[in-house]
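Next, two complexes with chain A in common: one pairs it with chain B, the other with chain C.
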Partner chain A sequence: MTFAWLPRAGRSLLVLIVIAALTCQLAIVLPGDPALVLLGQESTEAQRAALRHTLGLDQNAVERFVTFVGGVFTGDWGTSFTSGRPVLTEILSRVPATAELVILSQIVALAVTIPLALHSARNVGGRLDRLVSTGTFLLLAVPSFVVGILVIQLFAVQLGWLPASGYTPFTENPLDNLARMVMPVLTLGIAEGAVYLRALRGAAIESLRAPYAYASIVRGASDRQLLWWRILRPSSSTLLALVGISLAVSLGGTLLVESLFAIPGLGRLTVSALGARDLPVIQGVVLFAAMIVVLFGIITDIVISRIDPRSNRGIV
Partner chain B sequence: MALSELITPVRSAAPRARIPRVGVIVASCWLVVLAVAALAAVLGLTIDPLANDYATISQSPSLAHPFGTDNLGRDVFSRSLHGASASAVVALVTVVVGGGIGILLGVWAGLRRGIADAITGFLTDVTIALPSLIIVATIVTLAGPSLPTISLTIAAFAIPVFARLSRSATLSIATENHVIVARTLGASGWRVLTREVLPGVLPVMMPFVLTTLATAIVAEGALSFLGFGLRPPEPSWGGLIAEGRTQLALAPWVTGFPALLLCLTILSINVLGEHYREAKR
Partner chain C sequence: MFRRRASTALIAAALIGTLALSACSSSPATSAVTEPIDGGTLTVALDRELPTLDVTNGLLAQQPVLILSNALYEPLMAPAAGGTFTPGLAKSLESDETASHWTLTLPDGVTFSDGSPLTTESVKAHIERLANPESKSSAAGQAAQISSMTITDDTTMVFDLVAPNADFASLLARTLGMITSTTATDKFGFPLGAGPFVVDEFTPGDSVTVVRNENYWGEPAALDSITFRMMPDADSRFQSLQSGDVDLIWTEVTSQFEQARTDDSLAVHAAPTAVSTLLLNLKNPKFEDVTVRTALAQAIDRDAVNAVVNLGEGITVDSPYSLLGDAQDIDYPKYDLDAAKKVLEKAGLSFSITSDNSPDSIQRATALKDMLGDAGVQVDIVPVEGASFGSTLAAREFEAAQLVTSIFSDASGGSLVAKSTASYNFTGYANDQVDTMLAEASALTDSPERTELLTDVSNQLATDLPMLWLTASNAGLIGSAKLAGVPDLSGLTLISVQPAQIGWVSE
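And then the complex of A and B:
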C-alpha cells in the first residue's frame, strides 16, 4: 500500500491547477473595469493600461492562465501593489509567525484534550465526563472572535498579566515572543480543543467496547495502561483527520486571531491585501492556502494509514 | 452471568449524556422569539437602528434602551435585532440555495453514478481545497458587500458538503426494496427521485441543515467582524461586536449584547441538532 497515495497525488495536482485557473480570473469579479476600480477615478489611461498589463487583463483567459501558472512554477508570483515587493517573498516572510501560532495551538489543544477525552470515555456519565461534555458543548457555541475578546478582557485588561496584542520574533526575544503568543494560542486552541475532545471521547468509548479492551482489563492493566497503550491508538483516526483538517484550513482561523492580536502572519497579510484590494497578493495567498490544504490532506492520509492500518482495508 | 458483564471498560454512571427536554424547549423558544423580534425590527417597530442621538451617548441599558446605546447614541437593542435579521437571511439562503443545489447534485450523483459522480466528486475536492473564509472575503470585497453577495457566496461553499452527504445517503437508499420495486414497475426517473429517494435523503440531512445554519451565521459574523461584511453603519452581529471593541471599557454592552445573542443562537441551534441526532438513534 506504499504507493496508494499516488493517484491521490495526481488528483490533487488537478485540483490545484483548477484552483490556479480560477484564481487568475479573480479580477473578473470586480464590477466594471477592474483597473478603474483598483486605481480610482483620478487615474490616467496610461496608468490603467499598465495595470491591465501587469494583471494580465489585456490577455484572454487562456493566455492569462498560462502566464500565471508559468509564473507560479518559476517563482514569479507577481508583485504586490502596496509594498512593491514580490508576492512570494511577502508570503514566505509571513509564514513563521503563522506557523508558530498554529503549531503551538495544536500542541496545547492536544495536550489538554487527549487525557481529558480518554478519562471521560472510561467513566461515561461521571463527574469529569459531564463537566467535559457540557463544557465543550457550550464552547462550541462561542465563535473564535468572541473567545478572543473574552481572553483579552480576562488576561490583559482585568488581570493585566499579558500584553494585549503585538508580536516579537522568537529569535529577537524568546520570552516576550511566548508571552505574546499565550492569548492567541489559547483562542485558537479552545476552538480546536472542543472539537477534538468530543471526537476522541466518542471514538474512545467505541474502542473500549472492543474485545481487546476486555482482554486488557482481564490481564490486570491499570487505567493508565489501558487508555494510553490500548485505547488511544485505535481511537485516534478521527482525531488525526480533524487535526489534519484544522492544520489545512488554519489560514482561515488565523485570519481572525491574527487580526485580533496584531500578529504579522499570513492572516494579517490577507486582511490588509483585501483592504487595499492588492490583487496579486490575494491571488498568491489563495493559491498558497490551497497548496497547504492539498498537502496536509495527503500527509493526513499517510499518517492515518500508518497509525491505524485498519483504514487501509476499509474496515474503519 | 457472562464474564464480559463483570468487566466494565466503559464505567457508565448514566446511560448517555443527553440534552434535557427543558433545553430543547428553551432553545426552540429562543429561536422563535428572536425570529419574531428580528421581523418586528425589520418592519420598523423598534427605534431606527441608524439614528444618532447625541443626547444619549454610551448609555447603560435602561427601559428606553434595553441594550444601552453606543458612542453615537444609537440604540444597541434595535441594531442587534437588525443584525439578527441579516444573520437569518444569510443562514436561510445558505440552507435553501446551498442545501438545495447540494442535495440535488448529491442525489443525482448517487443515482446516476459514473460521470455525474466524477463531476460532483471533483467539484467537492476543489471547493474543499479552497480557503473558504479568504475566498468569501475576496469575492464579497471585490464584488461589493451586499446581503445577496454575502449570502450567495457563503451558500456556494455549503454546496459540496451537502452534495457529498446526500450522495452517500442516496447510495444506501437506492438499494432499498421500495426504490427497486418502483423502478421495476417503470416509474420515471423524476418520480423515483421525488417519491422514493428524496423522502429518505432529507431526514438524514436534517442535522446537517442545522449545523449549516450555525456555520453560516458564524461565517457572516467572522466576515463582518473582519470588516468585509455589510458596510457600517448597516448593522450585523459581527460588525457590532467589532465596533464595540473600541468602547469595551466605557460601554461593554455594545459588544456584549450582540455577542451574547450570537452565542445563544448558535447554542440553541446546536441543542436542536444534538436532540435530533439523539432522537434518531
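And then the complex of A and C:
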C-alpha cells in the first residue's frame, strides 16, 4: 500500500523521458536554421557552420538526448542561444507572472461559476438559468483575445480606470500589480468560467435528481444548505478535473492573454524562443510544461479521490 | 501620397559618394518644431521582445528597436534624407576614390558610459568581436567585409575593405557602428556603450529602463529616463497609447496611422520604408519565360495594392532605388490587364506565393492573388512562420515569395538582391551585365557615373523581372502630441531616432 504510488510515478517518469527525447529532435524537425537566424542573411556558410558546431547543432539525436537529459538531472538545462543565460533561470523568471495570472483567473472563474451553476441547476428553465445558458454560449463563442481587446477599450481607453497593459511584480508594487492584473485575469477567467459553468451545472442537475437530494429537501433543508452542502461536493469531480487540466495547461503558458496584456510569462518566452529558434529554451519550456502537466494530473487525482471517494470505487 | 522614383534615388545614391568624399559634418535630419524641456520620463512600446541588450543580437539592429539601440550605443553614422548617411558619433567618414579604404575620424573626448575613453582601438576591438562567430553576432557577415583596420592615432583609423563598397557608411549606422567596450560591462553584464543613456533596469522579454548618461561626452539628453516596454501585440500597443499608459509606440499597421491622424492628442512620425516585392524563383520552369514574367507585372495594379493594403499611406516602387530620391522614370511594365490576360490565359499558369504570416503580408498576398486571378492565374498562398521564412527563401523552396524588407533604405540594397552571388538573391537571378554594373557602382564615389550605372541596373531589372516591385508601406512612431524633438522622418529611408533629442513640451 505504501508503494502504491510507484507505478504512477514510473509512468510519469516515462512520459517525461519520451517528451525529452522528442524535444531533442526539434533541431531536425523545426524548419529554419538557428545559425542563420542568429547570424543573419549576410553571414557566410563558413560562419554559420562554425556557429552550428559551437552550439552543438551538429550533434546527432542520441548525443543531444544524452546531453540534455544528463543536464536536466544535474540542474543544467542548457544556455539560451539568444540571451546567454541559463535556460532554467529564463524559465523560472517567467513563472511568477504566469502563475499569478493563472491562479487568480481560476479563483475568479470558480468564485463566479460555482454559485451561478448551482442556482442555475436548481432552477432549470428559470430566468437565471436562461440568462446563464445564453451568457455562457456567448462567452464560449467569443475568442478570449476579442474579449481582451474589448475589455481594454472599455476600462483603459474609454473609462481610464485601469492601466491597459504591462506587469509589475507583486513584491515591487502590490497595488500596481493588482491593477494591471484585473483585465487579464477577467479575460482568462471569463473564458474558463464559461466552460466550468457548463460542466458544473450539468453535474449539479444530475445530483439534484439523486435520492439523497430528495431526502434533504424532505428533511427541510434550505436551498443554500442543499446546494452547498449536499450537491456541490458530489458534483465537483468533472469540475475539478477540468480545473486540474486547465491549471496544468495554462501554467505552460497563456500566450494570447500574455501577448495582449504584455505580461512576461512562459507563453511569451515560448513564442519568442520559437521565433529565434532558441532550441535550448524551447526544449526547456516543453519539458517544464510536461512536468507541470504530470504533476497537476497527480494532484488532481488525489484531490478528486479525497473529495469524492466514489471515484476510487469506480462508482462515478 | 507622395511618389518618389528612381532619379532621386540615384541622386541620393550619388550624394552618398559625394558625402563620403567630403568630410561629413552635417547632422541628421532633425527638424524639431518645439524645443523639449529638461527632465521627465517617457514610456515607449516596442514591437518585439529582447532577450539581451548585447548589440551582437540582431534584434537591436532592426528598425523598430533602433530607438533603444541609439539611446545606449549611439552609432558612428546616422541616416539622413534620401538614403544618405551623416556622422552620428563619428566626426567624419571619408573614402578614397576606389571606395576600398575608408578613413574614420572620431571626435576628441568620446567616452564610454563609465567615463573610459572610446578610441580607435575600441572601434577595432568591437569589430573584431563581431567578426568572431562565437559572439553569435548578426553583423559577422558585415564585419567580414573589412580585411584590415589600421590605427593612425586615438581618433583616426582606416578600414581596408575586401571589395569596394561605396555604401560602407550604411553599415556603420547599425550594429557595426554601435561601438561597445570589450573591457567593461554594466551591472547586467552587457558591454558598455557610449550613448546618451545607460541601462538602469532590464527584465528580459519585458522592459528596459534607461537613465541619462551622466558621463555622456556630447549634449546631454533632455529626458531623465525612458522605459521601453516590449509589447508584441500591435492592437495592445495602440490601445495603451490611447489610454496614456505609454507615450510613444512603434507601428507598421496602416490603419493605426490613419486613426492617429484624426486624433489631436496623437502625432504620427512615419515614412514609407518597408518595401514589398514579389520574388519569382527563376529556377522554376513556370517563370523561365520573360514574357510570362512581364505579363505578371502587368497584371498587378500597384496603385490599387497601395490603396487597399496601405490605405494610401505608402508609395509604389519600381526599382531597388525607389526610396532614395525623387522622380525618374524607370521603364517598369505598366498595369495593363488586357495585355497580361493575353499571355497568362494562354499560359494556364498556376503557382503559390509563399509569404510570412503577418496580417499585412497575408492581406497583400491576397490582393495579389485576386489581381492575378483576374488575369487567369491560379494562385495559392502559403503562409510561413517568421523564423523559417528566411530559411525557406535561402533554400529557394518557393515558387513565388513575398519579401517585405528595409534593405532598400540605401543603395546597397540593389546589390543585395540583384548580384548573382548576393545574400538576398533568392530568385536565382544571374546577369553578368548587372553584376558588372553593380561592381563598378560599388567602386565609384563619382556621382554622375554611379547614378548612370544604377539607373541602368534598375532598367535591366525592370526588363528581366526576377522580382516584381510592389509598394513601400509606412513604418514609424505614433506618440503623444505633447512630445517635442521627435525628428522629421518624412525624408528618411531608415527610421532611426535618437531619443536624446526627445522630451516633453512645456505645459
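The definition used in the following text is that the second predicted complex is superposed on the first by the 278 of 316 C-alpha atoms of A that agree within 3 Å, B and C clash if a C-alpha of one lies under 4 Å from a C-alpha of the other, contacts with A are read in each partner's own complex, and residues count from 1 in each chain.
The rule we apply is simple: a residue touches a chain if its C-beta (ideal position, glycine included) is under 8 Å from a C-beta of that chain, and two chains touch if they have at least 3 such contacts.
Treat the numbers as computed from the prediction; the structure is a model and nothing was measured.
Visitor: May I ask you to decide whether A:Leu51 touches chain B, chain C, both, or neither, giving the answer as first, second, both or neither?
Guide: Only chain C is touched by A:Leu51; chain B is not.
Visitor: What is the contact status of A:Gly40 with respect to chain B (first) and chain C (second): first, second, both, or neither?
Guide: The answer is second: A:Gly40 touches chain C but not chain B.
Visitor: Quick check for you: in the superposed arrangement, does A:Ile149 touch first (chain B), second (chain C), both or neither?
Guide: both
Visitor: Would you check which partner chain A:Leu92 touches, where first means chain B only, second means chain C only, and both and neither mean what they say?
Guide: The answer is neither, since A:Leu92 touches no partner chain.
Visitor: Output check: A:Val218 vs chain B and chain C. Expected answer is one of first, second, both, neither. What do you get?
Guide: A:Val218 sits against chain B, while chain C stays out of touch.
Visitor: Looking at the overlay, does A:Arg277 come into contact with chain B only (first), chain C only (second), both, or neither?
Guide: both
Visitor: Check the residue A:Ala289 against both partner chains and state whether it touches chain B (first), chain C (second), both, or neither.
Guide: In the superposition, A:Ala289 contacts chain B only.
Visitor: So, A:Gly160: does it touch chain B (first), chain C (second), both, or neither?
Guide: It touches chain C, and chain B stays clear.
Visitor: Per the contact definition in the header, classify A:Pro264: touching chain B only (first), chain C only (second), both, or neither.
Guide: Touch status of A:Pro264: second partner only.
Visitor: Residue overlap on chain A between the chain B contact set and the chain C contact set?
Guide: 30-31, 149, 153, 157, 259, 271, 274-275, 277
Visitor: Of all residues in chain B, which touch chain A in the complex?
Guide: Result: residues 3-4, 7, 9-17, 122, 125-126, 128-135, 137-139, 141-144, 218, 221-222, 225-228, 238, 241, 245, 248-249, 255, 259, 262-264, 266-267, 270, 274 of chain B touch chain A.
Visitor: Along chain C, where are the residues that touch chain A in the complex?
Guide: Residue list for chain C touching chain A: 45, 48-49, 51-52, 54, 57-58, 133-134, 136-142, 144, 203-207, 229-233, 235-236, 239-240, 242-245, 385-388, 390-392, 394, 416, 423-424.
Visitor: Applying the document's contact rule, which stretches of chain A touch chain C when the two form their complex?
Guide: On the chain A side, the touching residues are 30-33, 36-44, 47, 50-51, 54, 80-85, 90, 93-94, 149, 152-153, 156-157, 160, 163-167, 259-262, 264, 268-269, 271-272, 274-278.
Visitor: Can you list the chain A residues touching chain B in their complex?
Guide: By the definition above, chain A touches chain B via 11-12, 14-16, 18-19, 22, 26-27, 29-31, 121-126, 129-130, 133-134, 137-138, 140-146, 149, 153, 157, 205, 208-209, 213-214, 217-218, 226, 249, 251-252, 255-256, 259, 270-271, 274-275, 277, 282, 285-286, 289-290, 293-294, 297.
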